[in-house]
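Take a look at these structures.
Shared between the two complexes below is chain A, which pairs with chain B and chain C, respectively.
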Partner chain A sequence: MRLALREMLRRPGRFAVAVGMLTLLAVLLLLLGGLLDGLATGSTGAVRAQEGQLLTFSATSRDSFVRSQIGAETRAEVDAVPGVRSTSGLGVTLVGARIEGREEFENAAVWGYEGGVRGVPAPPPAGQAWVDRRLEAAGARVGGTLRLGPTGVPVRIRGFVDDTSYLLQAGVWVTPSEWRRVTATVRPDRILPPGSYQVLSVDVASGADPARVATAIDRATRVDGADTTSTLTKQAAIDAIPGVTSQRSTFTSIINTTLLVAAVVVALFFALLTLERTALYGVLKAIGASSTQIVRGLFAQAVVVAAVALVIAEVLTLGLGAVIPREVPLLLEPSRAVTSAVSVIVAALVGSAISVRRIIRIDPATAIGGGA
Partner chain B sequence: MAALELTDVRKVYGTGDNETVALDHADLTVGDTEIVTLLGPSGSGKTTLLSIAGGLLSPTSGSVRVGGEYIAGYSKRRLTAFRREQVGFVFQQVNLVPFLTARENLLIVAELAHDTKEATAHADRLIEELGLAHRRNALPGTMSGGERQRVAVGRALMNSPKLVLVDEPTSALDSTLGAQVMELIVSEVRGRGTAAVIVTHDRRITSYADRTVEITDGRLAADAVTA
Partner chain C sequence: MRLALREIRRSKVRFILLTVAIGLLVFLAFFMQTLLVNLLGFFTGALEHQSATVVVYGEDARRSLEGSNVTMDQVDAVAQVRGVGSAGPLGERTLTVRADGADVDAVLFGYRLGRPGSPTLMASGRRPLRADEGVGSSIDAGQGFGLGDTVEVLPGVGTTDLPLPIRITGTADESRFSVLPTVFVPWDTYVAAVRLANPAAPEVRPSAVAVIPAPGVSPSALASRINREVPGVEALTREQAVADAPGVSSVSQSFSLIIGLTYIVITIVIGFFFVILTVQKAASLTLLRAIGADARTLIGALFVQVLLVVVLAMAIGAGILMLAALGSSPVFPIRAEPGLIGRVGTTILGLALVAALVAARRIARIDPVDAVNRPSLGGLT
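Take a look at the complex of A and B:
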């Protein structure tokens, strides 16, 4: 292995092509991963922030917030289900929001809530809102006014909260009555009466199994044998958000394809290198190197090539992240960097493994007789 | 004890009508401090004999004993260890590792055996003896042909082998350099009391050996004393 690493130190140029290509692929992987994370985070923050482990939708809503409606009577039935500690009403309306002093509209998701949202304090007084930090980046300031919807319902910004976006729109958290007021200006057909909400966030009692409680809720709310509610775990509700699953599967497919390309690049590179080194390996075997020692060296080189490419790619990606427009939902997280690094190193090892058979088959006798 | 004993060794390639006998009932004994040249034309089987003696090839039949070890039935893994520990090779085309310095090319043998404790001092001594002290950190690409040959000889001696196997040492050299290389090989081998088998088709080389054995069509001829 020392021999292989010494070769890399003495002849770095020989590995430059592989490092260069892997660097580009690693940048692509990190950007794709960052976009996937950015999209997922921006689409799901408000739902992930729910402290309730379950979310109850109306059965006919197909698990969509905007189509769902839970009345006070149903809520009372849910509250009475064993294993339910408490419920919180939720409603959301997507609107354009104009920051005071600015002409252009920003996208906002106005949430009416009763509490139980991680990172968001209790509902503010009427006419005020907790606002997602996305809008701070757009120029909003604490104490400033945000005008919601086509008629510009004014709310004063009480403070900023983190990671509460929904469908890439900044969360604006207001009282249920404020939310109804805003909804009336956008979707008068979707106004819900007081006591009714789109969805219930259900806090499950400690020790109770959320899956069993979900089933019990939907059973308790049946009318004439037909379901009137659809209760999902928080993860299932996240997956039901429009676009989330398809985004994830699309990006995952592209990421996996990129990893496959990385493995092929490494495989071709080391296959060529092995072909070129056949004589050298023959001599090394003749003087006592085992195939295992040579293969270990090959793997060490593959890992170093991948590691160097990853370091360069990480720096390049962070640089790109700094200059990329804020509208692009790019989120560069350490966990993604680690996952990508492990994936690229595994791809490099798999790719280099293609040459193992050839190395094993190199006959040390080729070193004799001028064959080497 | 003999450094090398081949008894009734045969090596056959292919089967049936395609069968080629590369080595036919060969018997050869090389004393523990003896230098033997194996003289023969291309295709005579001398390379096959050298490969079998060095554990690079296994014979089809017969007995091969090197430094007291019977190696004919060894597995590939055992043969690898045998080559690492018991024999030294000087190849026709030198074949140094191009990205290692002269000193590192010697140390590679010890590194493969995971035995570098005393190897460094041994390598330095060899480098001095071979007159390469000023070139110890030179890469093969910057060395002359003679310097590379000296490094190759040093590498063959690094594991203190019982038998040194030399393959056509002068084939790529002019007569002056060829003579220098042969003098070096013989002097180093004799200086260590080691045995050597030198394969060649160049009759001039036989004068450096204690004994010459001719090989034709896979058969060894009667010994001839040339020293």
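Take a look at the complex of A and C:
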């Protein structure tokens, strides 16, 4: 193995080709992963932040927040289900928000909530809002005013909260009555009757099984044998957000194909290298090196090539991330860098393994012309 | 050429590996380009293929049809602007409908009959003539949105109303919206459907104003005039409205970045592979030159190999793309379009030939005299 590593130190140019190709593939992987994370985080933050383990939608809404409607009577039925500790009403309206002193509108999701949102303090007084930090990046300041919708319903920014956006729109968290007021002016066709909410966030009693409680809720709210509610776990509600599942499956398949390409490229490179060094390996075997030692060296070289490529790729991707336009939802997270690194190293090992058979079959006799 | 083919036959493993690697990369390029075209079409097809050439949003809509609403007073004000040939309300709403026995999400596009907003790419049947008729997106015909089907809009919570049936009298190509099945319906049907979904709604506003300019007036000039004269709205040409729809630019930019990077990887993989191969064969190539083979013949053999590898790789890429298309879901059907495969394939072929120039240059610089200098070829020094 020492010999293999020493070869890399003394002839780095020989491995530059593989490093270059793997670097580009790793950049591709990191960008794909970053886009997937950016899209997922920006679309689901507000739902992930719910403290309730379950979310109850109306049955005909097909688990869409904006189409769901839970009346006061249904809520009372849900509250009475064994295993339900408490419920919180939720509603969301997507609006254009104008930051004080600015002409253009920013994307905002106005949430009416009663509490129970991780990272978001209790509902603010009327006329005020907790605002997602996305809008801080767009120029909003604490104490400043946001004007919502075409009539510019004013809300004062009480403070910023993190990771609460929905469908890539910054969360603006207000009292339910404030949310109703905004909805009435912005989207009158989406007004709900008094006491109704779009969705209930359900906090399950400790020790109760959320899946069983969800089934019990939907059973308790049935009318004439027909479901009137659809209760989902938080993860299922996240998956039901438009685009989330299809984005995930599409990006995952592209990422997997890219990893396959990386493995094949490494295989190709080491196959060529092994071919070129067949005679040398023959000599090594003739003077006592075992196939295992040579294979170990090959794997060590594959890991080093992948590791160097990953370091360069990480730097390049961070540089690209800094210059990519704001509308590209790229999120470069350390966890993604780690999983990508592990995947690329595994792909490199798998790829290099294709040369193992050829190495094992090298006859030491070739060193003295026995193979000729 | 015989030389090139014989070499491939004798070095199967390395050429198979290269062809598979390039084939997978070509598939990635095909797949992402197809995805991009399909996705953008599914996002905005209905908006792009309706008859209004000017679309007027509420000013806070951020150029999103879904996030826009205008008042009927604004519709009337737009209709009064000089240069407007015809104007009417245009509604867009995602609702739960029952199609082919299943509850699914669908988008309703409501327009006033005889006014702008009707579908333009009719694939079968006819446009609606009366209430409760509609034109479905043809790609969803198999999911209960085909000619002769009936789609039912489901009532919202707290109503005892029956579902609202819409009979599909025609289908239109490239007419999905927000990646969902779409039905173009008369304005009154649209209003009834929205009220059915939410009986508490005090009014149903249009999402936008659909406008066709008077003869001789350009859409862009009319859009500018509407923006000057009507307060609280933002008028865009149809092309602008499509290009600026939410998600379109971010999806285009993200995919363009990834596709661009894939092209670079393909070029470099092909380029480096053939350079390595040329370096490995340097002694043999020198000997060939020394016994009379001219550089053009050897370079020709190189390009034959490049062409063969790339063409086979494209066949592999196209084959996998077709499998992916066959396996795609009805919700997001992927179509492997020959035109797109041809365009992307030609680009890759061009890049491959450019990449091979480095190896070609190396071959061209081989000096036959080296044959008598190299000890490996029997030379002295």
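One rule holds in what follows: the second predicted complex is superposed on the first by the 369 of 372 C-alpha atoms of A that agree within 3 Å, B and C clash if a C-alpha of one lies under 4 Å from a C-alpha of the other, contacts with A are read in each partner's own complex, and residues count from 1 in each chain.
The rule is simple: a residue touches a chain if its C-beta (ideal position, glycine included) is under 8 Å from a C-beta of that chain, and two chains touch if they have at least 3 such contacts.
No experiment lies behind these values; they were computed from the predicted model shown.
Colleague: If chain A is used to align the two complexes, do chain B and chain C fit next to each other or clash?
Modeller: fit
Colleague: Which partner reaches more residues of chain A, chain B or chain C?
Modeller: For chain A, the partner with the higher number of touched residues is C.
Colleague: Looking at A:V328, would you say it contacts chain B, chain C, both, or neither? Reply first, second, both or neither.
Modeller: Only chain C; A:V328 stays clear of chain B.
Colleague: Between chain B (first) and chain C (second), which does A:G143 come into contact with in this model arrangement: first, second, both, or neither?
Modeller: In the superposition, A:G143 contacts neither chain B nor chain C.
Colleague: So in the superposed three-chain picture, is A:G13 touching just chain B, just chain C, both, or none of them (first/second/both/neither)?
Modeller: Neither partner.
Colleague: Identify the partner contact of A:R2: answer first if only chain B is touched, second if only chain C is, both if each is, neither if none is.
Modeller: first
Colleague: Once chain A of both complexes is superposed, is A:I254 in touch with chain B (first), chain C (second), both, or neither?
Modeller: second
Colleague: Taking the superposition as given, does A:G96 touch the first partner, chain B, the second, chain C, both, or neither?
Modeller: In the superposed model, A:G96 contacts chain C only, not chain B.
Colleague: Which of the two partners, first being chain B and second being chain C, lies in contact with A:A279: first, second, both, or neither?
Modeller: Only chain B is touched by A:A279; chain C is not.
Colleague: Between chain B and chain C, whom does A:S246 touch in the aligned arrangement: first, second, both, or neither?
Modeller: second
Colleague: Just the number, please: smallest Cα separation between chain B and chain C in the overlaid arrangement, in Å.
Modeller: Least C-alpha distance after superposition: 10 Å.
Colleague: Do chain B and chain C touch any of the same residues on chain A, and if so, which?
Modeller: Correct list for chain A: none, the interfaces share no residue.
Colleague: Which residues of chain A touch chain B in the complex?
Modeller: Residues 2-3, 6-7, 10-11, 279-280, 283-290, 293, 364-365, 367-370, 372.
Colleague: Can you tell me which positions in chain A touch chain C when the two form their complex?
Modeller: 17, 20-21, 24-25, 27-28, 31-32, 35, 58, 60-62, 64, 66-67, 69-71, 74, 94-96, 98, 105-107, 149-150, 186-193, 196, 228, 242-243, 246, 250, 254, 257-258, 260-261, 264-265, 267-268, 271-272, 275-276, 324-325, 327-330, 354
Colleague: Touching residues of chain C toward chain A in the complex: what are they?
Modeller: It is residues 13-14, 17-18, 20-21, 24-25, 27-28, 31-32, 35, 58-62, 66-67, 69, 93-96, 103-105, 154-158, 178-179, 194, 197-198, 200-205, 232, 246, 249-250, 253-254, 257-258, 261-262, 264-265, 268-269, 272-273, 275-277, 280, 331-332 of chain C that touch chain A.
Colleague: Please give the residue numbers of chain B that touch chain A in the complex, ascending.
Modeller: 47, 50-51, 54, 56-57, 77, 80-81, 83-85, 89, 91-93, 95, 97-100, 104, 108-109, 111-113, 139, 155, 159, 167-168, 171
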